[in-house]
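Structures for review follow.
You will see subunit A twice below: alongside subunit B first, and alongside subunit C after that.
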Partner chain A sequence: MLLFSYLLMSGITTGALYALVALGIVVVNKATGVINFAQGEFFMFTGFVGWMLHVQFGMNYPLSFLLAVTVGFLLGTLTDRIAFRPIAKTDIVSLVLATVGIGFILKGLARVIWGGKADYLSFPPITSPEPIMVGSLMVIPQQLAVLAGTIIIMLIFAAFFRLTRAGKMMQATADNSRAALLVGIRTDRIYTLAFGTGAAIAAAAAVLTAPLTLLYPDIGFAFFLKGFAAAVLGGLTSLPGAVLGGLIVGIAESLAGGYIHSSVMELSPFLVIMIVLVLRPTGLLSFRKARRV
Partner chain B sequence: MPFGRRNVFLALLAIGAIIPAFANGYQLFVGNLVTIYILLAIGLNILVGYAGQLAFANAAMFGIGAYATGLLQVHLGWPFWIAFPSGGLVAAAVGTLLALPALRMSGLYLALSTLAFAQATQWVFLHWERVTFGAGGFKTPQLSFAPLPISKPIGLYYVSLGLVVLLYVFARHVVTSRTGRAFVAVRDGEIAAESLGIDLLRYKALAFGISGFYAGIAGGLYSALLNFVAPEGYDLFQMIIHKATIVVGGMGSIAGSVIGAAIIILVLELLREVKGLQEIAFGALLVGFVLFMRGGLITVLRRYLRGWEEPLRIKGGESTETPPRAAPQPSVVDK
Partner chain C sequence: MRKRLAGPTTLFAAAFVVSAATAQTPGITADTIKIGTFGALTGPGYLYGKLPMNGVEVVFDEINRAGGIHGRKLQLVREDDRCDPTAAIGAVKKLVEQDQVFAIIGGGCSNATFAAKDTLEASKVPTLIFASVHDGITTPPAANIFSTATTSTIESQAQLAYAIEQGAKKIAIISMRDSWGRARYTPLIEAFKAKGITPTADEELSPDANDATAQVLRLKAAGADAVLMLLYPKPAAIFIRDAQKLGFKPLSLGQTGIADPAAFEEQVGVPGATANFRTISQVRYTPEDPKMDKWRKLVEAKFPGDRLSVYNLFGIGSAEVLVEALKRAGKDLTREKVVDAFANMKDFATEVYAAPITCSATDHRCNKGPAWMAKEPGGPIKVLGFTVVGQ
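Coming up: the complex of A and B.
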């Protein structure tokens, strides 16, 4: 029981992080119809930025968090300007290769700037590392902090889409970009905003998770694949679906890792992506017409 | 046309053939790498540039070829000359199987599912330790050309060069044949291709299989060149190298694949000290060529040199003279 509760708790925590990465992927895909292959590298790079500000420059945690998210947003808008806007009307091969290229530039930069110090950097925890008992559940406070942070970010996000003008314009553009253009929405700016928001969410996820995991330049790809698996489970354009998908992937992976073998965890994105894309390409939450795959 | 493609390539081949006479060990090694990456680039270009299947599993196929060639020698004691073609066939078979998901998805989704497949292949290399020896990799038996009086590096170099010539000619024939035209039709519009009676399963499977075979053969040569096989040789970074070769050389051009491979290996060797710089360079090459020279270096050669025209090329960079999508020149389509 203790093992189960521990696995469940860590599954929910990592699942929440996958959900954030998935949200970033979904926001960009919903608005532009493109998958940003550099999403995982945004996560990695901004995680390093947060580490540098917090550990090397000694800033407090909330300030480094905000700055890292800002850097993430700028990276996202820059990616839109370089690797999406100029080639948006060309073929999908170019779009994919351009974001892959951006991802590799970020990975190389991170390796050159931070890689030499120690390949695996750790982020000091923001709460005490001692586990506490909540009823019969064993919980590490840091996990609670990550979970709370994730929920807050998701709520902010939902509020942004429901309540703000920019959020409504993004929804309109996602629904029908031509109609949105006709009613006077500058869809170009919405695309930029979508890339920026997606990257900012990745940054938030990275700085939240950094105290729980180790940072290294190759971490991005694994998170990208898992986030994509979560997004695919949710149907790729559904925000609640991305959250649900993230939790499912996180919990399933944690249980499989605990009861079968820890190496099975790395296989989860492959299984999820293959099974869902081949058998149910519309995702778990979708009841509408089949989507083009 | 003194600088036509055929003359230039024959001259390059002649230079390639006499390189072992004056090159030192390192230069010969780099030359051999170039031949291996030419094979990889041609195979990937058939799949991505001609058949339009945006797959990211080429590094995995490369690895499967290398592992199969090495493991058949180590576990079953097969001689290299049987294990090596078998490795190519194993990779071709796995590649053909990959065409099955490609039937149900295209574009982004195919890209991501093949990425996930590549990740799963890495996982098998790492964790199926009883067979693959895990993360540490394994040494392959030393290749020897025993009855012939040539050393292993020179012998392997000539074998690779011969295979490049053979498979280059084969690829040129494939892409200008009925099969190649079917690939291009699938690339330019699957529904239109199907309505012309092109069997999607058959041609996608063929494209994946051919590309897998090229990668597998390259993998076998690579394992013999290094005498060592380990998982990290066939990871995501390897994949980006392959993608960069065809983007720099030119998508949808067999000649471009050769040029791309030579340039990429040069960049790789110049920056070999720092992996971070290699990643930055390849990322920048991808972004730069996609933005400023879609169609790759081959489009420049085509524009300024006579005798470099190719049928069925992918459009890009020279929109004034290429026909619109899905409407190839009649002279090419007619028999």
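Coming up: the complex of A and C.
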């Protein structure tokens, strides 16, 4: 039972991070219909920004977090203005390729700005590094902080989409962009907002994750892969689905590693996804809309 | 009269033949020897390229200040391979064909150097590798390529030998299974077989892992008292951190992938977690060691803004070996003589390597004595000794 508890806790913590990355992918896809392949690089780049603010400039963690999220939002909106809006009317393949290009640019920039300082940059823990006992379970406080932070961010974004005018306009654009345009919603601004929000979520995920891992310019792809898997599992357009998908991917990895063998850890989430998609091609929480005629 | 002239004539003829031969050998003049070097001068791989090259250059400066080798000064020509296999082939071709160097010392990133092996071999230019550890560079041996870098097989064998030496009874493995990890994993399993031991547990960890709870729990359940880590610093730091969290404190042995125990302690970030961690170094001194003062001053004077690093020491040790081979080859320098000098080098002591350098005609891995380093939590880095393997 203790083994299961440890594996579950570790699965939930990493799963929550995958969920955040998935959330960013879903927000952009929901509003624009584009899979942002640069989401992992937004994660990496803003993680480095957080590191620079906190470690190099000595700012406290909450301020570094907020500034990194702001930088993420600005980076996302700037990317939309420079890279996507000029080709917005072209086909979807061009837009997707543009996201791949942005990813390479961000990785190159990170190497120029932060390369050569060390192989891997460490982000100091925001809590005591000493493990604590929660019942009979030994956990690192940092894991609890990450988990709490992830839940708070998810709640904030859920509230944003349900309660704010901007969030509702994003939902409307996602449901039917032409109808949204007809009722006066500036869909181009919604796209900008979606890219900004997606990058801001990536920044939040990165600065939360940074103390649990090490930063390096290639970190983004691995997180993107798991986040994308989680988003697909959840249905690609469902925000709760992204969260559920992230948790399933994290827990599947951990339990497979503990109970079968560590060699199947990387494989297990993708097996789960294959099985789910065979049984439910639209994902766990995405439903095909019935059209009345 | 005829008899009187015979001596000087023979001498003159011999001198003419020698000077003609020397003149035909690229890269040599009456007072210079042109040596080429390749490796990454730019990008993140500069640690294994530019820094060892800087080490080579300060050794050459010292030799030149003392009058050179048999009256010839050493010139270093650098080429950037950017850690890229195609660029490495291009760099070697340029050094050989355009710059016409006499010999080469270099090779930073393993995959790039391995890609250039055929080009190096075909050129017949005496080559000494200073940092690349890929087994394929020296095995099977190419007639003209030697290495002072500890190869991945040597490091894997040393890990197992050291664990046994430390009294470990249940030895486990945790490894990455990418090309870097496999190059170490396969010889490690062979080393286990050769000693008639079975690993207590054999776990994998992804290079991008952010959690190693499952692996730690499995190794702990197996009762491992030593864990041989074939990991990059990132997954290794995650493993050590999670091991500490779960109260698992075996002897943990790394390889040169984790070359800096101080940086590693910082990356792990949990006080005391690295207490049982040891790692391999190609050299026996840390840059801070007083015995390295001479080199520190020279490197920092020649390259303002640089601080002596362990990667400089790779170049310094390798350059000492090349210089020795050039000296042994004699004044009438040919490439064949330098290759012979490498192949016959036995127990040559350098200022930086842990074990004496020994090569042979059949074994071109000249550095078979990796050193062991540890850092007491919060304390200085210490060199614990060295393990000689593969001889």
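Some notes on this structure:
The criterion applied here is as follows: the second predicted complex is superposed on the first by the 261 of 293 C-alpha atoms of A that agree within 3 Å, B and C clash if a C-alpha of one lies under 4 Å from a C-alpha of the other, contacts with A are read in each partner's own complex, and residues count from 1 in each chain.
In the analysis below, contacts are C-beta pairs under 8 Å (C-beta built on N, C-alpha and C of every residue); 3 or more make two chains touch, one makes a residue touch a chain.
The structure presented is a predicted model; accordingly, all values stated were derived computationally and were not measured.
Once chain A of one complex is fitted onto chain A of the other, the partner contacts of A:I92 are limited to subunit B, with no touch recorded for subunit C.
When the shared chain is aligned, subunit C comes close enough to touch A:L214, but subunit B does not.
Of the two partner chains placed by superposition, subunit B and subunit C are both touched by A:E266. Using the contact criterion defined above for the overlaid structures, shared-chain residue A:K107 touches subunit B, although it does not reach subunit C.
Looking at the shared chain after the overlay, A:G72 reaches neither subunit B nor subunit C.
Within the superposed three-chain model, A:G40 lies out of touch with both subunit B and subunit C [touch as defined at top].
When the two complexes are overlaid on their common chain A, residue A:G24 makes contact with neither subunit B nor subunit C. Of the two partner chains, neither subunit B nor subunit C is touched by A:G235.
With both structures placed on the common chain, the touch criterion links A:G15 to neither subunit B nor subunit C. Shared contact residues of subunit A, touching subunit B in one structure and subunit C in the other: 111, 115, 217, 263, 266. Residues 48, 52, 54, 101, 104-109, 111-113, 115-117, 119-120, 123, 126-127, 236, 240, 243, 247, 251, 274-287, 290-291, 294 of subunit B are the ones touching subunit A in the complex. Of all the residues in subunit C, the ones that touch subunit A in their complex are 43-44, 46-47, 177, 203-206, 208, 210-211, 213-215, 217-218, 232-234, 237-238, 241, 244-247, 263, 266-267, 269-271. Here subunit A touches subunit B in the complex through residues 34-35, 37, 82-83, 86-87, 90, 92-94, 96-98, 100-112, 115, 217, 221, 225, 228-229, 232, 263, 266-267, 269-270, 273-274, 277-278, 281, 293, going by the rule given at the top.
Residue ranges on subunit A touching subunit C, taken from their complex, read 3, 6-7, 9-10, 13-14, 17, 111, 115-116, 118-120, 122, 124-125, 129-131, 138-140, 209, 211-214, 216-217, 219, 222, 254, 256-258, 261-263, 265-266.
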